[in-house]
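In what follows, subunit A forms one complex with subunit B and a second complex with subunit C.
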Partner chain A sequence: MAVVSTEATPVATESDIVAVRRLVRETAAKLGFSLVDQTKVVTAASELARNTLIHGNGGEMELITLNGPRVGLRLKFHDHGPGIRDIQLALRDGFTTGSGLGLGLGGAKRLVNEFEIDSQVGQGTTVTVTRWK
Partner chain B sequence: MATSTVNQNATLASIIQQRREAILAEWLREMSGATRRSDLMKESELQAQCGQFLDLLARASETGTNAQTAAYEPLREMLMDTSHVRAQKGFTPRETAMFVFSIKRPLFTAIREAHSKDAVAMAEQMWSMTELLDSLGLYTTEAYLKSREEVIRRQQEDMLELSTPVVKLWEGILALPLIGTLDSARTQIVMESLLEAIVQTNSRVAIIDITGVPTVDTVVAQHLLKTVTAARLMGADCIISGVRPQIAQTIVHLGINLLDVTTKATLSDAFGLAMQRAGFSFVRSDKKESKRDN
Partner chain C sequence: MERIPILRMGEYLLVTIQVDMHDRLAMTLQDDLTNRISETSAKGVLIDISSLEIVDSFIGRMLGNIASMSRVLDADTVVVGMRPAVAITLVELGMSLTGVRTALNVDAGMDLLRNSLDARKDALYGSRIH
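Entry: the complex of A and B
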């Protein structure tokens, strides 16, 4: 699998989330994603970036363009926050420790093709998602 | 030491006063190379600014070369004004700061000529002059940025107000076309202006159009649901319109429940439904009949 380009961008403020969305949308459009796929991956990025900001106390997003046998977009959200105690519970719809709807993490999972979550309590969380063209 | 500083500064003021015309001419020549923007500022205007700067500098330097002291207040004020004007006229920060930095060469030439016999005094004066001009140059950049930030802040506020207009479509029917990102601050304004308009116009139906909202994630959906609930508490029904195919699919995948809310693909569909609910009906006038009437 050939990695074409990697780009890191901070997720530290509310306006960073807007920047993340714009960056992901531009990249997805450049890769030739359909409008529906663009919207899906942008929405997933928006959810995950907000989780990074609110639950992980900020972090960064790594944007990886894949151009191997398949064209795809991989997003890696990384933070050094408190971590997730029970990942299965966090993924369940309607579960939230904040004031949201509790659909972000599970929803993001359903919007992408590959979803991986790695979290250590007290260490931080990394969520990696991939959407193929 | 103290007396020598005062002496040296007194000389600086006298140097500027004695060689004012020569410094001014060389300064203008210096600027014409790098930073003069004759497209943005008139020659005479620049000349007047340079003259004013030199006079203020001469007067202020009588008391010392610390730009933070009260003696430099008029000079700082003048730089604040010129930076402000330049920011508005479209100068770059570099061009703005160069206004101050480009005086170095002519001023140093004048100092060298005045101290041709005393190398120590010359070096000392040049050093204090460099420090002074650097701090004044940085001050212009700071002032420039400050006025730019002011412009940005004002525009942001304008946008926030502009982007949430509530329009009356028909008697008892309001529309709220949303454009851009829906964050918490904007949702607050949207909700307030919608609820206020509902009371003012005595409306029963409000259409929230999200055609211009590029991304509907869980937070945007939550904000929309709260707005709809608040409107409902005031006795008004909400219709959400502008749900495009990609948005509809995304909402389904996210698992957001919008079943309790009436939604439509386009604003015109929503308007039709709103008219129906408000008890209006449309009749297309028959062309043939109207001809016969004539």
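Entry: the complex of A and C
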């Protein structure tokens, strides 16, 4: 799998979530994603960036462009927050430890093709998602 | 502080969301609208989201809150102009937007608000007209 480019961007403020949406949108459009696929991956990114900020106390997003044999967009949201104790539970629609709707993780998973959570309690969380063109 | 403008048109309030809102701006809009409905005794609120490129669970929750709050204050809310790609994505995200009335565009949304207000007036005063 050929990684064409990697770019890291901070997720430390609410404005950063807006910037993440814009960056993911521009990149997906450049890769030739359909409008619906752009919308799906940007929405997933918005949910995951908010989780990084709110639940993970801030972190960063790595944006990886994949080219060959398939074209795709991979996003890695990384934080050094409290971690997720029970990942299965966190993925369940409606589950929240905050004041959200509890749709972010499960919803983001449905909006992408590949989804992976790596989380250690007390260490932090990395959520990696990939959407293929 | 940055704010989304709320226009008054007779018995209705009109909001056009034209920017990619950060979360606090969305919360401010929710509070501002609630205050304006109560100040003006508006009977309906029309929210135009045709410029919005995405609606995530945060914005979805805001729209739901505005609809519930306006109901308590005796006003109807209609959300208009949702892009097809946004609607498709919302369903997959798992957001049903229950309790939020929607229309395709501003004209259809205004019709919905007017009809609903007429129906309410009829229910109140209709029996006296013979």
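By definition in this document, the second predicted complex is superposed on the first by the 133 of 133 C-alpha atoms of A that agree within 3 Å, B and C clash if a C-alpha of one lies under 4 Å from a C-alpha of the other, contacts with A are read in each partner's own complex, and residues count from 1 in each chain.
FYI, contacts are C-beta pairs under 8 Å (C-beta built on N, C-alpha and C of every residue); 3 or more make two chains touch, one makes a residue touch a chain.
Only a predicted model underlies this, so the values are computations on that prediction, with no experimental measurement involved.
Engineer: Is A:Gly58 touching the first partner subunit B, the second partner subunit C, both, or neither of them?
Structural biologist: Neither subunit B nor subunit C is touched by A:Gly58.
Engineer: Considering only the touch criterion stated at the top, classify A:Gly83 as touching first (subunit B), second (subunit C), both, or neither.
Structural biologist: Neither: A:Gly83 stays clear of subunit B and subunit C.
Engineer: Have a look at where A:Glu14 lands relative to subunit B and subunit C in the superposition and call it first, second, both or neither.
Structural biologist: both
Engineer: Shared contact residues on subunit A, subunit B side and subunit C side combined as an intersection?
Structural biologist: In subunit A, positions 14, 18, 21, 25, 35-36, 38-40, 42-43, 46-47, 50, 93, 100-101, 103-104, 106-107, 110-111 sit in both the subunit B and subunit C interfaces.
Engineer: Could you please specify the touching residues of subunit A with respect to subunit B in the complex?
Structural biologist: 14, 18, 21, 25, 35-36, 38-40, 42-43, 46-47, 50, 93, 100-101, 103-104, 106-107, 110-111
Engineer: Going by the contact rule set out above, which residues of subunit A touch subunit C in the complex?
Structural biologist: 14-15, 17-18, 21-22, 25, 35-36, 38-40, 42-43, 46-47, 50, 93, 100-101, 103-104, 106-107, 110-111
Engineer: Considering the complex alone, what residue numbers of subunit B touch subunit A?
Structural biologist: 181, 183, 214-219, 221-222, 245-247, 249-250, 253-256
Engineer: In the complex formed with subunit A, which residues of subunit C make contact?
Structural biologist: The contact residues of subunit C facing subunit A are 20-24, 53-58, 60-61, 83-86, 88-89, 92-95.
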